[in-house]
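In the two complexes that follow, chain A is the common piece, with chain B as its partner first and chain C second.
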Partner chain A sequence: MTVDQIPSVVDRRGSAPAAGSAASRPRTSIATRRHRAFYMFASPWIIGFALLTIAPMAYALWLSFTTFDGISPRWHYVGFGNYRELFSDAQTWKSLGRTGLFAITSVPLSIIAGLGLAVLVNRPLKARGLFRTLLYLPAVVPPVGAGIAFKQLFDQNSGAANGVLNLFGIDALGWLADPYARYVLIMTVLWTAGNIMIISLAGLQDIPREFLEAARIDGASAWRSFRSITVPLLSPVLLFQTVTGVIASVQTIMPLLLAPDPTPAGITALPQSTYLYMMHVFAEYFAFGRYGYASALLWVLFVLILVATGLIFKATSGVVFYNVDPEAKK
Partner chain B sequence: MTATSLTPRRGPRLRVNRLVLYTVLVAITGLFLGPFGWLVISGLKTPAELAASPVHWLPDHVQWHNIADAFNLIDFLGYARNSLIIALIYATLVTLSSAWVGFGFARLEAPGRKTLFGILLGSMMLPQMITLLPTYLIFAKLGMVDTYWPWVLWGLSSAPYLVFLFRQFFAGLPRELEEAAIVDGCGYSGIFWRIFLPQSWPVLSASFVIAFTWTWGDYIAPQLLLSTDRTTLAVAVMSTYVTSAGTPVTNLQAAASVMYVVPILLIFLVAQRGFVAGMSTTGLK
Partner chain C sequence: MRPHAGAAVSRRRFLSLSAGGAVAGAAALSGCAMRVSSAVGGSGETVTVMAKADDFSPELIKQAQKDIGVKINTVLYSTSKLIAMMTNGNPPDLVRGVGAVDAPYYAARGVMEDLDPYFAKSSVLGPADLDPVNDLWRYDGRTQGKGPRYGMAKDFSQDSMFWYNTALFDQADVDYPPELDPVTYEEWLDKAERLTRRKNGQTTVFGGSYNGVLTPSLLASLTVAAGGNLFTDDYARVDFTTPEARKALGWYIDYCRTKVGPSIIQPDPNTWDGPTFQANRLAMSNSGYWLGGLINADKKLAPLSRLAPAPYFEGGRRVSPCQAGTGFWIPSTSHHKDAAWRVFEWFFGEAPAKARASGGWGIPTLKSLRPLMPAQEDYQKRVLTVQEAELKHYSVIAFTPYATADSLLALFNQIAPAAMNGHLSVDALAGRLNSAMNDQLKRGKEQVG
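Moving on to the complex of A and B:
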């Protein structure tokens, strides 16, 4: 983009200083000035994206072909060695499977919960604003706060969760150990469903009232009009939630925050059921210092996310309705 | 509100429905506030009460001094100051840079703009964690580990989500706003600073609050990039509440994490009206 601007700059400087800017103005028309202005405005993002996103990813790609460990000067190029090891590493497959399972349970559950809450607090209620605020509140609690809160809540001895179970005569469970830790993990996601609620709520309020009224006059039940009008019209919002939810669940650090020892050394002592793919990356990176291998793991994850996102878009292309023209609404 | 007009039937059945509705809502709200409430209670117990099995529901004597102890066991205010510095640096810079970039995408045309906007939206889906580990290695080479420079750079380079927020807002403003200024010979950066930015208080404040909350809540970047005395409250609360003998002090950790979370809750409660207004005027809703 800058390359084709250079000649015109040179032209103006070199050719006719006497003619002044007035004569050359028509050539660098208003359109050209707007083009330049656009790139001036976009440049912080373009430069930032190149240096802070593309460059690190390229660097990680290069490292993924080496045995770099961050300290030892004797590292070397191993070609696809890390990738070969990765595919034969049982822990890669297991952690990948757990991550997939975590995503396909927690994402739909939290979307259903968020949408359900949105429908509830969209009704005419007293103190509606208060309910909305309180239900949204957990979504703004930083992950560290959430981690510590859930650790206290599900503590085997002193936690309120086991306290409630005891009231019903059920023995205390080791919530933060295998196999229950994975359910606590899902609960931490459900706890922040207020996030989805707020966005779904805005979507609900955009649904033209006439649609629902017409359905009512035609004798449609509440459930029927929810299924046939609300959900289809909300589908772009739900798709957005699905994609961002999957990406967030893949990179969650909650297992680490729920661990008894949330330090690099503690990663290897995580309960197996919460040892997700990102924890595997952390373990290789922090605990074993295998930067090259961890970079290979990250690149595989990146490609998998691309594929998963593509599949989600493809699978939903027939069911997501964009028939309400966003420009026409205004 | 108009939903009431849709339900002509009133009477006992409706009243029972409403009772069920409120009961369900109160129960769910209770569940949602439960973990935080339990954290507060845990922070006011003695270590013995906190370790008691079966659970010791409420402290016999509320241990208010836990709050002071949580301040004193670690350099709480020092870590809070670190968190505040990087959150202010990042939130200020990223709000301005995202507004700047968003203005370009909203009001100016150039070949390649659509492609670039597509990449920008696509990059929102790029997992942060994937770039963060190699970024750490690059920053280490540049000698930026253990400084606040990474937050300056991240701030200057804008954030796709916030760019999108600003683009939506600026795109909705009338064209006459800039036309008069162009006739008067005002450049685009003048138009941005003098005309568009002063119009965008709701989005500016929403963006600032969002960015501040991101940084205050971030655990991984400070854990990676900062040493123990420069690190943030998020890292300190998570990992430094141990006695000199190395045993964790969970009641103080709970008290400290309440104090760590409360500023964000307060900011949210104060800003939520403007925040929601900012989000809705952008059409992002």
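Moving on to the complex of A and C:
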């Protein structure tokens, strides 16, 4: 093939090909072809998203306007009846309040714990890889396994936690009942802080060493360097962890795994302090069979998550620094 | 095993028919001839069974294929999955259910097949041979226990009876309950308190467990034992404020408050009594005869364990109900009803039923299978004597069709812990339960019509 035979860009666009073929083929720009290629490659995801996300959400939205319970013959359309009931349902507000408190407590604690661990294992230690692996290991344990282990560990009558207390002459505590159950729940979150550690570690390793060395030469203490250089440069990572942490914590089903009887009705026996919003949703769906009402609860949660995420972005817009090469923006 | 009408008999089919004939012949010659249905076919079809893993083991599925020529496809039991399958028009052909609470709920919604025509034709499950416990699966549109049959129990227990561990009674110097005469519920609780052992804030021995199969059906049973009825005559409301229901509720709250046994405020991590009883950490277990399956298999525990009649309330009625009656039903929209019935017949009346009866995990639901209940050892004979005497006190305690037992249990779980922890009086609890449960029942009645 000679150079002349290689189709030019113009040819490939189809603007001036051999006579005859121009009439038979429509003109297609590069941009159009690229768009087509993009949508072809992205189509599996787009189809999956439409079928597995958009369609169920739309179906749940429709259900939220009905009294559908899955099996009774006389279910009907109630308009905004479920949404109105939701505002007068004490369990909704209580569980929402507990969920907010849980998010406010568990998210900062887990980020601080994860960051602390990341700083530790970022230091030049012996067997650093082993420590990183061990600290990350709990995050790999399936949640169901973790739930069973925590239940056994904190059982009042046969759990190891009370065994340790007894060694020190302290009477056994009802860890899985109020008021201690909320602490066990927080512990389950902190136990998987290795997940956050890994992301923070990646962020730490992305910080240019020159900045820290310059600060040291200027006489900054380790704490000052951490506060004034590490944290600001890590702020996009911390923002990411905050947003995903809040979303995960309001959707958490961990109390279900700690429930003495993890059946639809059984979860309503959870200690009040761990009866979070998703437990209420779960109970309304599967214990009470109120698919319409539970769908309304989920739609309200969806909107609340959108609002909370927006507020987090707004509130942090002045304190999150993106270390972006200015040239790259051009 | 019957070939399809008009189907050519292939070599493989001929061999399988010959093998089937040989097996049937051998069974007949061995003197333990199995009654085999001739009324309904279904051979060669595939039946989808929604069950728990223990109900249909892989071995049992193979046996079904061999015995009746029906291929069984199992789906793990889940109410939400059942609803999804029924909604999309592809229901399972046989569904597990708890007769005591599921039968009126599903029958009232018209999703269960009326099995009376099948029972009428069956040579395996003759109506005269059906134990009265199967009446839990009857519903006449108003009351459970009457009307057409919608299912059958695979085995059963009189769930208010209790087992006790004589060694723990001896250690605590507490008198054994009488063999055939029931104790009162108050006496039972008193014994439980005396049998409980605690150390450093931990309970080392639970005096007794009394949670029933599901708390709503337990409370309904306790109220009948106290001489009343938890539900109104039309089953559309509950009333915990009647003297009888108040007595029943008060007793159960006392049981939870004294923490002599597991409850929602002191859960057992094992989630059921078996392992705790086996570990000699539970002196009395409110599990009926079926727990004998576990006890008989433990040669150390079996001689120490005894079964006692269901307690009663002073001035009430002596009743000994079944709070479960777990079995199977056929959805009215099933695509393979005849084949499902053939599996039903085989499961409830043929080889699997016989195996269950001799295992001690529950009383067989066909009277003709009762001689198979374990009675080789002295302790088994003692248990059988108590059990046989108790059968006279069986009666169906009807449950409402307007709410699932799970939904009523969920409401109880949300409201009752305050009373169990002493922060709410039983009278206030009764009022709150009435309010919450009647709202749920009202919604259910509107949905059924």
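Of note:
The working rule: the second predicted complex is superposed on the first by the 294 of 330 C-alpha atoms of A that agree within 3 Å, B and C clash if a C-alpha of one lies under 4 Å from a C-alpha of the other, contacts with A are read in each partner's own complex, and residues count from 1 in each chain.
What we mean here is this: a contact is a pair of C-beta atoms (placed from the backbone, for glycine too) under 8 Å apart; a residue touches a chain by one contact, two chains touch by 3 or more.
This is a predicted model, so every value here is computed, not measured.
Of the two partner chains placed by superposition, only chain C is touched by A:67; chain B is not.
In the superposed model, B is the one of chain B and chain C that contacts more residues of chain A. Contact with both chain B and chain C is seen for A:285 once the two complexes are overlaid on the shared chain.
Residue contacts after overlaying the shared chain place A:226 against neither chain B nor chain C.
When the two structures are aligned on the shared chain, A:83 is found in touch with neither chain B nor chain C.
Of the two partner chains, neither chain B nor chain C is touched by A:240.
Once the two complexes are laid over each other on the shared chain, residue contacts for A:305 go to chain B alone; chain C is not touched.
Once the two complexes are overlaid on the shared chain, A:162 sits against chain B and chain C alike. By the touch criterion defined above, A:172 reaches both chain B and chain C.
Within the superposed three-chain model, A:152 lies in touch with chain B and with chain C [touch as defined at top]. Residues 70, 152, 156-159, 162, 166, 172, 263, 285 of chain A contact both chain B in one complex and chain C in the other.
Across the complex, chain B meets chain A through its residues 1-4, 6, 21-22, 24-25, 28-29, 32-36, 38-39, 42, 49-57, 97, 100-101, 103-105, 108-113, 116, 119-120, 123, 125-135, 137-138, 153-154, 156-158, 160, 163, 172, 187-189, 192, 213, 216-220, 234, 237-239, 250, 253-254, 257-258, 260-261, 264-265, 268-269, 272, 279-280, 283, 285.
Listed in rising order, the residues of chain A touching chain B in the complex are 1, 31, 34-42, 44-49, 51-53, 55-57, 59-60, 63, 70, 117, 120-121, 123-125, 131, 133-135, 137-138, 140-150, 152-153, 156-160, 162-163, 166, 172, 191, 194, 199, 202-203, 205-206, 209, 212-213, 216, 243-244, 247, 250-251, 253, 257, 262-263, 278, 281, 285, 291, 294-295, 298-299, 301-302, 305, 309, 326, 330.
Listing the residues of chain A that touch chain C in their complex gives 67, 69-75, 91, 151-152, 155-159, 162, 166, 171-174, 176-177, 260-261, 263-266, 268-269, 272, 283, 285-290. Only residues 79-80, 83, 86-87, 106, 109-111, 200-204, 264-269, 271, 404-407, 409-411, 413-414, 417, 440, 443-444, 446-449 of chain C touch chain A when the two sit together in their complex.
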